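Each of the next two complexes has chain A plus one more chain, namely chain B in the first and chain C in the second.
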Partner chain A sequence: MRDVAIVGAGMIPFGRRDEDTLMDMLAFASLKAMDDAGLGDKSVDAVYVGNMGGGMLQHQSAIASSLVDRLSLLPAAAETVENGPASGGSAVKNGLLAIASGYYDYVLVVGGEKMREVTGWRATDFVASMTHPQTEYPYGITLPGMAGMFTRLYMQKYGVTREHLLAVSLKNQEMGALNPYAHVEMTLDRGGIFDSPHAIVNNPVSADPLHLYDLCPVSDGAAALILCPLEVAKKMSRPPILIAGFGQATDTHTLQERDDPTDLKAVTLATQQAFERAKLKPSDIHVAELHDAFTILEIAESEHVGFFKKGEGGKAAAAGKTRLGGQIPINVSGGLKARGHPVGATGVAQMVDIVWQLRHELSKNRQVKNAQNGLTVNFGGFGNNVLAFVLKRVDQ
Partner chain B sequence: MPVDMELEAVLRPLQYAMPPYPSKTITLANGKVMVVRQAARADVPAILKSVHPCLFIERDYYDIVSARLYGELLAWYRYRVKSEYCLLGQVDGYLVGIVNGRMENEQVGMSYHTLAIDRGLRIGSHLFAAKMEYHMDYLGQESVLIVAESPIGFRRWMIEYPLEKTNIPHELGGGDSYRLTREIYLAAKPRLVVGDRPVPQALLDEAVAEIKFADDDTIRERIAGLKGR
Partner chain C sequence: MKNEIPVTAFKCRKCGRIHYPYHDRCLACRNREFDQMRPEGNAKLLTYTAIFNLPWGFDQRFLIIGVAEFENGIKTMGQIKAESADQLKVGMTLKPTWEPIRMQYGEDVYGLKFEPVK
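This part shows the complex of A and B:
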């Protein structure tokens, strides 16, 4: 097995991109990653596209083949990877395995989604299509609904409070406001969304006990990476970013079948695998991008990946330990909460942000000083399919 | 333009006596304080300057809403509409949103339009709620007829209150009217109508002194920028 490195990273600003098709967005992000890698005349051997909703929302299939043609990358192998909101992470995994195995040398991985083409409730319904078709979906469950129930249980079991959720929301919005790629470049004010009696309108209940600003927005966007063998990457001008470890685990489809619905086993297992393969531990990580589709998930995942003990994640967030400059900066990009969550793009976008962090390329107000190791967690379903990646800067 | 006042007396519609809307402040999600106040007829030219760039924004039906609002405000300014009013939202003096409507008769209000210039802060929701508050709590009406041109409006008004569907035609044309009754209003008021009174004098003075507005490009960017907040 060969070591695999990331040598190119690109992203387009997330948000509402009425003027771009899904294919436009995938192409723009791909070109940025290819330019970033300095591929020049070199082509890629294979293209993996992470996308969840092209078939449902754009009535488009065979997206990867179309992208290869659009980018004049013929005859590169092309494959679309659909794995719910973990589609992006799964696409990266496929690229990683393809190079590690020795079958391919250069792989383009791109994740993208165009969700704002439909109304909010149709987008919510589209995402809910990942729930169980007989025991969940027919009863009207949505992902925010699941997250609300999960939050209530987590509050009861571990003492998480709305103050803790608020800390995550304020932090991620603050960081998103500094990120030119973020969907929501707006800081929030504690008074405006929590303390003031006017908060009842500004920040209404969405899925009790979660409020509007506990949820990520519905976004359009795309992000891309270029992967190649580490030995090849070492000859390039910039420090390669090694994919030091990855892990993936699956949990029951329905929440009610789990022994303890607050236990995100797939997160724990996937990150344990990633750490073991990377020969690192949670305390070695300098920056992390966790899948905060809902504020509770950042708190719960920060515990399940091993940054904090169970029941301590909320308190750590409220104490500022997950802020830039804190014990472990989490979602310095703004996370899904502010950068946005075009579902198929997210797993790739998380890695693009970590690559930029490990290359020390970000502006001072977003850069984690001297970051060497990073972690991403891409969370599919309600924790039933999770991918974790440990990235490591390799100085030449 | 010369005005024949004898003819004007025929052309100008009846105006009901309308008690003033008492100004209030609302703290927005970003912590900024929005002053909500009633516009005077003399404010119309300044307001129109802010509406004008929105006429060319197709996104979310801003073009239709703005064109109609422009006409409605102009009609009010030049005495061609019955019992119209306009409420403004201002932050640091800058115009961030506009709503208008009128009295159809003493019992029934006719909601016209809601235009949020700064988006993503629920300014439209706050101002629409202020409009309903005016009809119910200050004009003392029993119902308000409402239509929505945009899906966002439909979600915010028809679903969020929720309003009752009627088969009464609305004077804006379009679909049948939905109706806010006093009963619906009172049920929705605790979760949708907020604001503090009285407005601190300095804030009110700033708002009244000058209706500030961003340049055309900034307004377009705020409403229809690539980010599309």
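This part shows the complex of A and C:
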């Protein structure tokens, strides 16, 4: 097995991109990553596209075949990878394994989604299509609804409060406001969404006990990476970012069949695998992008990956331990909460943000000082398919 | 409204684990043989939410959904008949009914609806 490095990273601003097709977005992000890697007019051996909804929302299939044609990457191998909101992470995994095995040397991985061209209730229905088709979906359950039920249990068992959720929301919106790629570049005011008489109007209940600002937005966007063997990457001018560890695990489709529905087993297992392969531990991580589709998930994941003990994640967020400059900065990009969540793009975008952190390329108000190791967690379904990556800066 | 609850759960013949929905192999011991079973009695509310941003297909202001456990151990999702989530509490007893839960292609789709027992 060969070590695999990231040598190119690119992203387009997330948000509502009415002027672009899904293919436009995938192409723009791909070109940015290719240029970042200095590929020039060279090609790649293979392309993996992470996308969840092209077939349902754009009535388009075989997206990867179309992308290699548009980018003149023929005759590169090409596949679309669909794994719900973990499609991006799964696309990266495919690229990683293809290079590690020795089959390919240069791989383009791109994740993208165009969700804003349908109405909100169609987008909600599209995302809900990952719930169980007979025992969950017909009842009208949504992913925020699943998160609401999970939050109620987590609050009951671990004492998480709305104040803890608020801390995540305020932090991620604050960081998103500094991120030129973020969908929601807007800071929130505590009074406006929490403890003023107007708060219930500005921040109504969305999926009890979760409120509007506990949820990520529905976004358009794309992000891309170029991967190659570490030995090749070492000859390049910039420090390569090693994919030091990867892990993936699954869990039951329905929450009700889990022995403890508050236990995100797949998150724990995926990150344990990633840490073991990287020969690192949670305390070695300097910056993390966790899948905060809902504020409760950032708290729960921060515990399940090993940054905090169970029941301590909410308190840690409220105490500022997960802010830039804190014990472990989480979602300095703004996370899904503010950067946005174009589902197929998210797993790739998380890694792009960590690459920029580990290269020390971000502005001072977003950069984790001297970051060497980063973690991403890409959470599919409601925790039934999770991918984790440990990235490491390699100084030459 | 129908009285019976036509939900079929599956009890592993080897280890006794109850499955709903169906799995081809037991989640606990990977055995492939199951006995079918139906929900019995009332149910205990395990968790719930009130959803205000509904998916396509629901023309109403909000929907209350929960997961409940029947007296014989079957756990299922269902809609809950209540005016507000404030009327509910984890652990409370619910009476199950089998009623229309949504319309699809102009026809009623039936499913579980729970009603709090006062």
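By our rule, the second predicted complex is superposed on the first by the 396 of 396 C-alpha atoms of A that agree within 3 Å, B and C clash if a C-alpha of one lies under 4 Å from a C-alpha of the other, contacts with A are read in each partner's own complex, and residues count from 1 in each chain.
Going forward, contacts are C-beta pairs under 8 Å (C-beta built on N, C-alpha and C of every residue); 3 or more make two chains touch, one makes a residue touch a chain.
Model, not experiment: these values are computed from the prediction.
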Have a look and say if chain B or chain C is in touch with more residues of chain A. C
May I ask you to decide whether A:Pro329 touches chain B, chain C, both, or neither, giving the answer as first, second, both or neither? neither
So, does A:Pro261 touch the first partner chain B, the second partner chain C, both, or neither? second
With both complexes overlaid on chain A, does A:Gly176 touch chain B (first), chain C (second), both or neither? neither
Once the shared chain is lined up, is A:Arg17 touching chain B (first), chain C (second), both, or neither of them? first
Is A:Pro204 contacted by the first partner chain B, the second partner chain C, both or neither? both
Mind working out whether A:Gly88 is in touch with chain B, chain C, both or neither, as first, second, both or neither? neither
Jot down the residues of chain A that show up as touching in both complexes, chain B in one and chain C in the other. 119-120, 204
What does chain A use to touch chain C in their complex? 119-122, 124-125, 128, 132, 134-136, 138-142, 144-145, 148-150, 152-153, 156, 204-210, 252-257, 261
Counting only contacts in the complex, chain C reaches chain A at residues 19-21, 27, 46-58, 63, 65-67, 75-79, 85, 90, 101-102, 109, 111-112
For chain A, which residues count as touching chain B in their complex? 13, 15-19, 116, 119-120, 183-193, 196-204, 213
Per the touch rule above, chain B residues touching chain A in the complex are 26-32, 59, 120-122, 125-126, 129, 151, 155, 190-192, 194-195, 226-229
